[in-house]
Amino acid sequence: MADVILKADDLFKHYPIKGGVLRRTVGHVRAVDGVSFELNRGETLGIVGESGCGKSTLGRVLMRLEEPTSGTVNFDGVDMFSQSGSTMRKLRRDIQIVFQDPYTSLNPRKTVGDIIAEPFEIHPDVVPKGGRKKAVQELLEMVGLNPEHINRYPHQFSGGQRQRIGIARGIALRPKVLICDEPVSALDVSVQAQVINLMEKLQDELGLSYIFIAHDLSVVRHISDRVGVMYLGRMVELGTEEEIYQRPTHPYTQALLSAVPVPDPTMRGKREQIVLTGDVPSPANPPSGCRFHTRCFKAQDRCKVDDPELIARPDGVAEHRSACLFAEPRVIVETTDVTDVEHDSRFATTEVVDFDDFADDSGLMPADAFATADRSQSVDETEGPLDRPSNTHGPVDDEPLEKRGPRV
Amino acid sequence: MTDTIAATVAPGAAGDDVGEARSLTQDAWRSLKKNKMFWISVALIGVFVLMAIWPSLFTSKDPGFGDINNVRATPSAEHWFGTDTQGYDIYARTIYGARASIIVGILASLTTLLLGGVLGVLAGFYGGWLDALLSRITDIFYAIPLILGGILFMASFPNGANSNYFVVVGKVVLVLTVFGWPTIARLMRSSVLQVKPNEYVLAARALGASPWRIIRSHILPNALAPAIVVATINLGVFIVVEATLSFLGIGLTPPAISWGVAISDALNAIRTYPHILLFPSLFLSLAVLAFILLGDAVRDAFDPKSR
Amino acid sequence: MTTTTTSSAPVSDYKPDADGRLLEVDDLHVEFHTQEGVAKAINGVSFDLHQGETLAILGESGSGKSVTAQAVMGILDMPPAVIPSGAIRYCGQDLLTMPEEQRRKMRGPEISMIFQDALSSLNPTFPVGWQIGEMFRQHRGMNKSDAYAQAVRLMERVAIPAAKERVKQYPHQFSGGMRQRIMIAMAIALDPAVLIADEPTTALDVTVQAQIMALLAELQEERQMGLILITHDLGVVADVADRAAVMYAGRIVAKAGIDDLYARPAHPYTRGLLESIPRLDQKGQTLAAIGGLPPNLTRIPAGCAFNPRCRMAQDVCRTDVPALRDVGQQKSACHFAEEVLNG
C-alpha cells in the first residue's frame, strides 16, 4: 500500500443561497458534493475540471480557508478539521498553497523580502530572527530568482517571476503538501514551462506532494502521477495518469480529452471529437441520478435515477475508479511515449533559473507597458472559485459567477 | 492624459532607475511631485497652518484691540484689510481666525478617519451580524445632514458665557466627528471588501496569520488610500461647517476669533461695507479649496488608472 | 438562411482582386506614447488575407497581435496610439487614409470582430436580440420588428437553443459559451468579408471552446469569409488555421503554411515555443523553456529583438535586424533560418 499523506473523506461544501427580504436560505450551491480521494507522499495528484466544477473550492477547503459543510481530511494521521488554535497553526506549516493569479497573490505594498519572510514572522520558531534575510535569499535562489532583488516590489517583476515568488512563499516553511491552484494558467506559454520545470525540481529536492488543480489537461498530464476528474462538485474518475489519459472509462473524461486541441496540424480531422451539447447545469440545482446524464452521449433511463458511485471498474487492462454505470474504456488520445527522446537544447532549455535580461533594466514589464490587457481579462474571468452562488434569481443554465461579499 | 501624449520622455528615460526598489507609494509620490496643483495646495495649506500656529509671524497687531474711533475703515497702509464694525483690524483678525478653522478641520478629519476607519474595517473584515449591525448604525448617522446634526447638538448644549476656547473647539470637533464618520466608514468598508478577496490575504490566512496581522499588514495598507483622500476633502467640508455654526452663533462665539464669527459680524453692514465680509470669506474659500485640491491631487496619484 | 441575408443585403462596393485577396497590411507601424516613453507595439507588419482563408496570428502577451487586429478594425485609441507609417488596404482601398465616416460604415458589413470577453463586449442593459438587431437598424435602416426577426434567425444560426424565447433576454442570463455565440451572431449579422477573432475562446472552457471553434469554422466555410484568428494557443491554431504568422515584439518573425510551421519551424522562437508546450498526446515529455521574457516595448533590443533569449545568437544578431525572407516554402526573420530549418 502506498504511503498516504492526505486522505479526504466525503467532503461537502455547500454555500447557502439567501433570498427574499428576510435573507432566508432558499437553497444551496453544492460546490463540493461528496469528494473522496487520497494523496500519496511525494506524488502529484492532478485535479482537472471545467469552471464551476468545484476544484478551486476543494483546494480552499483542503487548506481550511473555507470550512467544509461535512467530511473529514486526515493529514498525516491528524484529523485536520477537528484541530483549532495553535495545533491548527502548526499544521499549516505542513500544508501550503500557491495561487493562480500572480497579480493578486502578492501584496503590492510589500517588498519581495517581506512577502517571503511573512511565513517566518507568523511562525517565528522556524528560523531565528537574525537568519531570516539569509533564509529568504536562499529561497529566492531556490526558485531561480536573483537574491539581490529582495528589496524590490511585486510590480517590478513579470508574471512568471511573481509566480516564482508565490512558490517561494509557499515552500518557505518546508511543507509536506503544496496545493497549487491553477499555478500556470495565467502565464504565457513560453513562461509556463519554466514554472512547471521549477515545480518538478522543487518536488524532487524537498520531497513535496502536490495537489495540482488546473483546467489544462495537457499540463496536468505532464506533471501528474495520478489524476482526478471533477464535474459539478463530484469526482467522476480517479486513476493514474496512464489510466485517465490512455483508457478513460467515464464519458465526461472522454469528451474532455477529445476537446483538447493538439498542436499538430496533421492530426486535424483524424481525431475523434465528442462534442457535448448544452451547458453545465447549475450546481444549485444539479440533475438527479448521475450528474452528467443531461449532457452524456451514453445516457440511459437508469442514469436519471441511479447515482453511480466512484468505484473501481474495469478499464480493459485492469481497473480504476470511475463513476459511470456504463463505464467502458475508449481510446481518445493516441499517446506516444517520448521519454527517451532527447530535446534539442539549441532552442530551449530545461534549466529552471530565471535569467532576467530584461528585468534588470526596468521595473515595467512589456505587458504592462500599455493597455493591451491581452490576457488579464482571461485571468479575471477565472479568478477565484467560480462555483459560488451569485444571484438566486438568475437563470438555471448560467454558471454561477463569483460570489462577492454580502450586499456590496 | 495630456502629459502622456506629450511624449517628451525620451525612450530609455525610465531606465535611470536600474534595479532600484520602487514601492507604489514612491510611485505615487513621484507623480505627485510633477503635479502643479499639488504644490499650489501644499503651499496654501502651509501658509494657513503657519497662521494657525504662529499668527504673530504675519501681523504685529493685536486682534483684540478695537479702535472705536476708526470703525469700518476701508483698506489702507495702516489697516491692510481695513477695520470692522468694532474697529478691529480685519487683517489681524483674519490671520488669527485661521487657528479655529485649521484646528477644527484637522482634528475632525483625524477623529472621523479613526472612528470611521475602525468601524469600517470591522464591518468589512468580519462581515456577518457585526457588519449588519454596524452598517445599519452607519446608515442612521449617514441620514442626518452634518449641518443639521451640528445645529441640533450645539443648540442643545449651548456654550456658557465664559466657556474655554478649547472646550468650545472640542465640542465642535466632537459634533463633526459624531455626524461625519459615516462617509469614511462606508468607504473603508467597501474598500476592505475589495481588498479582502485578494489572494495575498488568502495566502496570509493559509499561513495561519492572526486577523490583527492580516488587517495591519495586508488590509490597511491597501485599503487606506481612498479614505485618506476623502478625509482630506472632508477637511474642507469641516471648515465650512465650523464657520457655519459660528456664523449662526452656536459654534465659536465672541470673544473667540474665527472666520465664521467674522462673517457673521460683517453681515450687518454687507451693503455699505462689503470689504468686511470679503476678506474672511476669501480666506475661508481659499482654505477649503486648498484641501480639496490636495485631496484631488492625492487621489490622482494613488489611482493607477489615471496614470 | 443564407439566401435571405444575401438577398436583403445591399451589393457591396468592395470587390476582392483577381486572386481573391481581401486585405493587405503593408509595413504597418503602431506606437503608444506613454509616460514611460514610446512603446513600439508594431514595427513593420505585413500580411495579406484571401477569401475563405484562415490566417492565425500567434503570439504571447505584448507581441502586438491584438494591436494589429485593432489597427485593422480601426478601433485603436488614438491617442495614445499613433500610426506613423504603413497601409491597410481592403479591396485595394487604404483604410488609414479613408475618412472616418466611410470607415465606420465598413465595420459590420465588410470587416467585423469578435472579442475575448463576451460579457464585457455586450451591453448589460439591453436584450441580446436588440443588440443583434441594432446592426440591421443602423446599417440597413430596418424597423424594430424586422430587426428582431433577423436577430432570431441569427441566434438560430449560431445554435442558441430556443432562440425565439431567448431573444428578449439580457446578456447576464446566458452562459459564457452562449454569450460568445451571441457575439458571433452580431459579428456575422451583415455578412462581412473579413472576420477578426481576437482570442475568441481564451475565456472559455475546453468543451465549449471546441463548440465555438467548430461554429466559426462552419460559418467561414459557408460564407467564404477571410478569418483572422488572433491567439496564443498553438493547439487551436493547428486545428483550424491555413496559414500562420508568428509575432514577437511587434514583428512577424515567421510566416508559414500550417503544416510547415509545426513540422519544419524556421525560426528559433517558433521552435522554442513548440518545445515548451506540454502535449496531451505525449508521455514522459521533457518540457523545455525558452527562458527570459519578451522585451519591454519601450526598449526593444538592437538587432534581432529575440537575440537575448535566443540560444543560437551570434554577434550579427545583436547588430542587424533580420528581414522576413523566404526560406524554403516559408518565411522567417532569422539570420540563421536555414540552420534552424535543417537542423
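Side notes on the structure shown:
The letters A, B and C name the chains in turn, as written, and every chain counts its residues from 1.
Here is the rule we use: a contact is a pair of C-beta atoms (placed from the backbone, for glycine too) under 8 Å apart; a residue touches a chain by one contact, two chains touch by 3 or more.
None of the values given here were measured: they were computed from a predicted structure.
In this view the innermost chain, defined by its CA centroid being closest to the centroid of all protein CA atoms, is A.
Ranked by separation of Cα centres from subunit C, the top chain is B. Our note on geometry: subunit A versus subunit C, Cα centroid distance of 30 Å, whole angstroms.
Chain centres here are Cα means. That of subunit B falls 52 Å from that of subunit C. Rounded to a whole number, the gap between the C-alpha centres of subunit A and subunit B is 48 angstrom. Looking at subunit C, one finds that residues 34, 36, 80, 298-299 touch two or more other chains. Among all residues of subunit B, those that touch two or more other chains are 14-15.
Counting partners per residue, subunit A has 361-362, 364 as the residues that reach two or more other chains.
For subunit C in complex with subunit A, the touching residues are 32, 34, 36, 39, 41, 60-62, 65-67, 77, 80, 116-117, 120, 161, 169, 172-178, 199, 202-203, 205-211, 213-214, 232-239, 241, 249, 258-259, 261-263, 268, 271-299, 308-309, 311-312, 340, 343. On the subunit A side of its complex with subunit C, the touching residues are 50-51, 158, 160, 188-194, 196-197, 215-219, 221-223, 241-242, 245, 255-268, 273, 275-276, 278-280, 333-351, 354-359, 361-362, 364-367, 369-372, 374-375, 377-378, 381-382, 391, 394-395, 397-399.
Of all residues in subunit A, only 60, 63, 65, 88-89, 92-93, 96-97, 99-101, 104-111, 115, 118-119, 122-123, 148-149, 151-153, 155-156, 166, 169, 173, 360-364, 384, 404-408 touch subunit B in the complex they form.
Contact residues on subunit B toward subunit A in their complex (touch as defined above): 14-15, 17-25, 124, 127, 131, 135, 190, 193, 196-200, 202-209, 213, 217-218, 221-222.
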